[in-house]
Amino acid sequence: MAAHRFTPTLLHNTIGPHSPVLTIASGDTVTAATADAHGFDVNGVQIADRPNPMTGPFFIEGAEPGDALLITIRDIRMTRPTGWTFDVLSPNVVDPAAVIRFPARTKTEWLIDTGTGRARLAAPPPSLVNWSVSIEPMIGCFGVAPELGQAMSTATSGRYGGNMDYRGFGPGVEVMFPVSVPGALFFLGDVHACQSDGEIVGTGIETAAEVTFTARVLKGLKIGWPRGMNESEIFTIGNARPLDQALQHATTEMLDWLMTDYGLDEVAASHVMGQNVRYDVANVFNPAYSVACRVSKEALAGLR
Amino acid sequence: MAAHRFTPTLLHNTIGPHSPVLTIASGDTVTAATADAHGFDVNGVQIADRPNPMTGPFFIEGAEPGDALLITIRDIRMTRPTGWTFDVLSPNVVDPAAVIRFPARTKTEWLIDTGTGRARLAAPPPSLVNWSVSIEPMIGCFGVAPELGQAMSTATSGRYGGNMDYRGFGPGVEVMFPVSVPGALFFLGDVHACQSDGEIVGTGIETAAEVTFTARVLKGLKIGWPRGMNESEIFTIGNARPLDQALQHATTEMLDWLMTDYGLDEVAASHVMGQNVRYDVANVFNPAYSVACRVSKEALAGLR
Amino acid sequence: MAAHRFTPTLLHNTIGPHSPVLTIASGDTVTAATADAHGFDVNGVQIADRPNPMTGPFFIEGAEPGDALLITIRDIRMTRPTGWTFDVLSPNVVDPAAVIRFPARTKTEWLIDTGTGRARLAAPPPSLVNWSVSIEPMIGCFGVAPELGQAMSTATSGRYGGNMDYRGFGPGVEVMFPVSVPGALFFLGDVHACQSDGEIVGTGIETAAEVTFTARVLKGLKIGWPRGMNESEIFTIGNARPLDQALQHATTEMLDWLMTDYGLDEVAASHVMGQNVRYDVANVFNPAYSVACRVSKEALAGLR
Amino acid sequence: MAAHRFTPTLLHNTIGPHSPVLTIASGDTVTAATADAHGFDVNGVQIADRPNPMTGPFFIEGAEPGDALLITIRDIRMTRPTGWTFDVLSPNVVDPAAVIRFPARTKTEWLIDTGTGRARLAAPPPSLVNWSVSIEPMIGCFGVAPELGQAMSTATSGRYGGNMDYRGFGPGVEVMFPVSVPGALFFLGDVHACQSDGEIVGTGIETAAEVTFTARVLKGLKIGWPRGMNESEIFTIGNARPLDQALQHATTEMLDWLMTDYGLDEVAASHVMGQNVRYDVANVFNPAYSVACRVSKEALAGLR
């Protein structure tokens, strides 16, 4: 159960079969620095290119195809007092005819005050001078090398994880990924200080960070899509366009989970899900959208 | 500010320009009985046909095209100790290939215990004998006569409201509909004792009820889609297929709301929404899906 | 087998249970005048409002719910030398980000020369002075009263037909609609002198016309969606958003057709369709999109 | 203008930055053998794994990022007298509720008779004993290495081409791909003896073949998506889910083409497209669907 520190020099814009930067044992904890979505580090120096340069990959000993990799997000520390966002809603989240009146988007700076826990625009328009948002850090992009030897742009996501941009991926959460290559090859980066559902301006508050995570191999656990747990809920993630399909993947994965782990058949699992499921629209901006299907642990009381 | 009681005899399967059953003043309160989605009343007697037979319409004096109708849901009382659901996930919410293994759906009875606040299956399979759900009543279908003299099936929804099946439509919520005809012609019905996000088995726990609501005319308030407020949030509803389009309608309506009422331009409104919006997948089953776009009142602090 | 002439005075903006304007026998032929999509008649006089005012309904004796109504389009005559279109691609048919550069759309006049069979812009920009299009007239909106007593805007479409805007609906084509009310109540209008696939500027060349059609009742023929035949093909139409769903409806209806009329099971019908189906994107603009699923008669040779 | 012959030994299941198997000059012609979608060669020996193993990549001298690669398909020869298909419609192309009655799909053998130009089932059910289809060979999957160093599964497609499964990719067609890496790195395979629009059983008639193509570098021609030309038409291809988005990409690329090469502004190009565009649903089965947007050369007469 060793603890490691890692600061990247060469970051990756694809999630794929790259050479590991560090080999760790199952159960080890790593504190890793991450650059922001455009490659700027803690000092505001650009050390990598867009999109979403990744720290990693980390080789986890013992991980083999057919296993799952369990990542526990222990901490996300904002290490830079500034972040940035785009400044206008993404054209794909409003009625097509409404887009004609939109200005071209620009990058906007934010000030991140971890003391007060609030972020505010560095140069707000008059209407927003007294307005700020609560800091709720999350990991935008993380996952493991996909099957077939693919190398996928960090702009998108799939069964292997990737750029899911889900505000539920904050400190305390456990996430499982299906392993496709020996060592799993885990990547992470693209931390946001805050983000709406849907990532509807195309960004959260993008910033540099230090993430502390523990990686554990779950031998022989076959899963189809990322799964997760927090204090009160279990959840699954589906990544695809359109939203309907992302929701189908997440729902099917939850159905499989309840049938396998709770001994329910299709009908019993449907009863449980049909009165209890909650959905989050994680992102509706990236090449693949992401939907979370959640069930509270309380709703599962009385099963098994 | 009169109070009325109303028990329907002739229910409607379309929302349209039907003859009013009661004329009320703006500000009046009505307690109205509703049948379940297949037309069964408080006594389990079928008094109307599917789909979703409506109580009403109520003619609200002074309502004209170009106004909004504000409905405050004061109370929803379960009046029958039984409800029903379908028993298998709807084929459209899971991966298409997973549907091949599904059994045909059947109607399943539930017992609703308003004393304990729990509902349970009348004849549970062994895996669910110790399992129940919390009662959280909501209105599945309500709205006003649409434009153009249309009469729309109560299976679907649109700008006028309709079968939105949103679990957020519970007691204490205020909802606004755009008025298209004199008197607005307000309909309601299809109460659920409980429902997941998405209505993913195709039903909530369908039952008969008594709903108490207050109707008020908001003169000259032009809105494009249903809007609402609860204790902590404001929200908008978009109704369309696919989910992407329902989300676009809801997001555009929220953008218009923030720009009109909070004096924000596109960029300022985008900043507010881009870090604060929450989405609910209300239903992903009906001919039109429904998505809610929510913003907390706290997130609007400091504006205006 | 009587022949009728009909010129409308009161046109309808919904397809629903309106009072018949003419009662005809099965097998009768009608020549009916139609106004353009904004209600302008042969003389350019506005006699009705948008959207797509309908001529009709025609009550066909003997038609009952559960039958199909077969309409043979015998002739479509352009009766006005002018038509109009919108002048810029609809925002929903291009990449969302491309919409920002689009000008607002305006109505543009065209000159229709039935002598040469060509239509040209009345006031072309320099780049189009030598450019014209071939006239290929079609019916944009036609169908029968839908089920449940619904009255549907003529902007949209469904199982009952409606605003399908399919360029395949020209002279010589036979189209079947599922009958939901006694007499079927057949409506028609919205003739185009020409149109692309998809109706991607939101219009064809909209004009007034005279349409000659024969109506015949097919007793006991249950169909789910409009079906049609021309010289070389049979086809089905699905109407829904998004395109994927419209395609699903059309494909399922073709599958049912081949299984019922050609004695094929799912596998045999899949073989026939899997190597032979052709799709047309009829419209990708209206509230419901329309997709045609076509199979050539030649591809069916050797069956039965 | 050399001519090469190439028979692969090591095939690829991703399109990416693999080592070239042959370096050719711009203008050279290659005759290359291809295995079928599951890796079976001309002799029915499995020489590679699924999905769609690729022959190549070919390094074209002089090709640089920012150029286009023009591939002329000169010939596609069926080299094996057998092919195979799946035997039931893909669940995603029919109404979700219809899937419940479908049998599980199996692989089915076909006999390909290049003498008669017909293909027939090797063991037809009674209903299909007298039925056959016309051979119209096409390339299912071809394209160039994508940007960012990505390696994409040959099951899917994108701006770089890939598994587009368009029956329009037959002999005589010219296709352009946007070059992202030096030498372009061109791959091809997955030949079909025949296929419907949409590839709705999930396959065409999959077989081994020899393809003869000429590769030419178009220096400085920036394109966003694959473009093509045949005797009578120009066309563009969009690859994405859902169909709506694939259609948007293809339509936007055609708009750009007409504006750049024909000197039209948005309005003039919209007039030309709005009355003339044709769409093909190339595939509605793969992870990315493909739509072709076509305009006949005749419709462009009088421009420029």
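Think of it as A, B, C and D in the order they're written, each chain with its own count starting at 1.
Note that contacts are C-beta pairs under 8 Å (C-beta built on N, C-alpha and C of every residue); 3 or more make two chains touch, one makes a residue touch a chain.
Computed from a prediction, not measured in an experiment: that's the story for all the values here.
Visitor: What are the mutual neighbours of chain C and chain D in this structure?
Guide: Touching chain C as well as chain D, we find A, B.
Visitor: Any chance you could check whether B-D or B-C wins on number of contacting C-beta pairs?
Guide: B-C
Visitor: Answer with same or different: of all residue numbers used at the interface between chain A and chain B, are over half used by both copies?
Guide: Same: most residue numbers at the chain A-chain B interface appear in both copies.
Visitor: Take the average of all CA coordinates in chain B, do the same for chain C, and state the distance between these two points in whole angstrom.
Guide: The separation of the two C-alpha centroids amounts to 34 Å.
Visitor: Taking each chain's centre as the mean position of its Cα atoms, how many Å separate chain B from chain D?
Guide: 47
Visitor: Specify, in ascending order, the residues of chain A that touch 2 or more different other chains.
Guide: Only 92, 96, 102, 242, 244 qualify.
Visitor: Can you list the residues on chain A that touch chain D in the complex?
Guide: So the residues of chain A touching chain D come out as 13-14, 16, 148-153, 240-242, 244-245.
Visitor: Once bound in the complex, which stretches of chain C touch chain D?
Guide: For chain C paired with chain D, touching residues are 85-89, 92-96, 98, 101-103, 108, 119, 121, 125, 127-128, 130-133, 194-198, 200-201, 203-205, 242-244, 247-249, 251-252, 255, 262-281, 284, 291, 299, 301-303.
Visitor: Can you list the residues on chain B that touch chain D in the complex?
Guide: The contact residues of chain B facing chain D are 90-92, 96-97, 99-100, 102, 104, 242.
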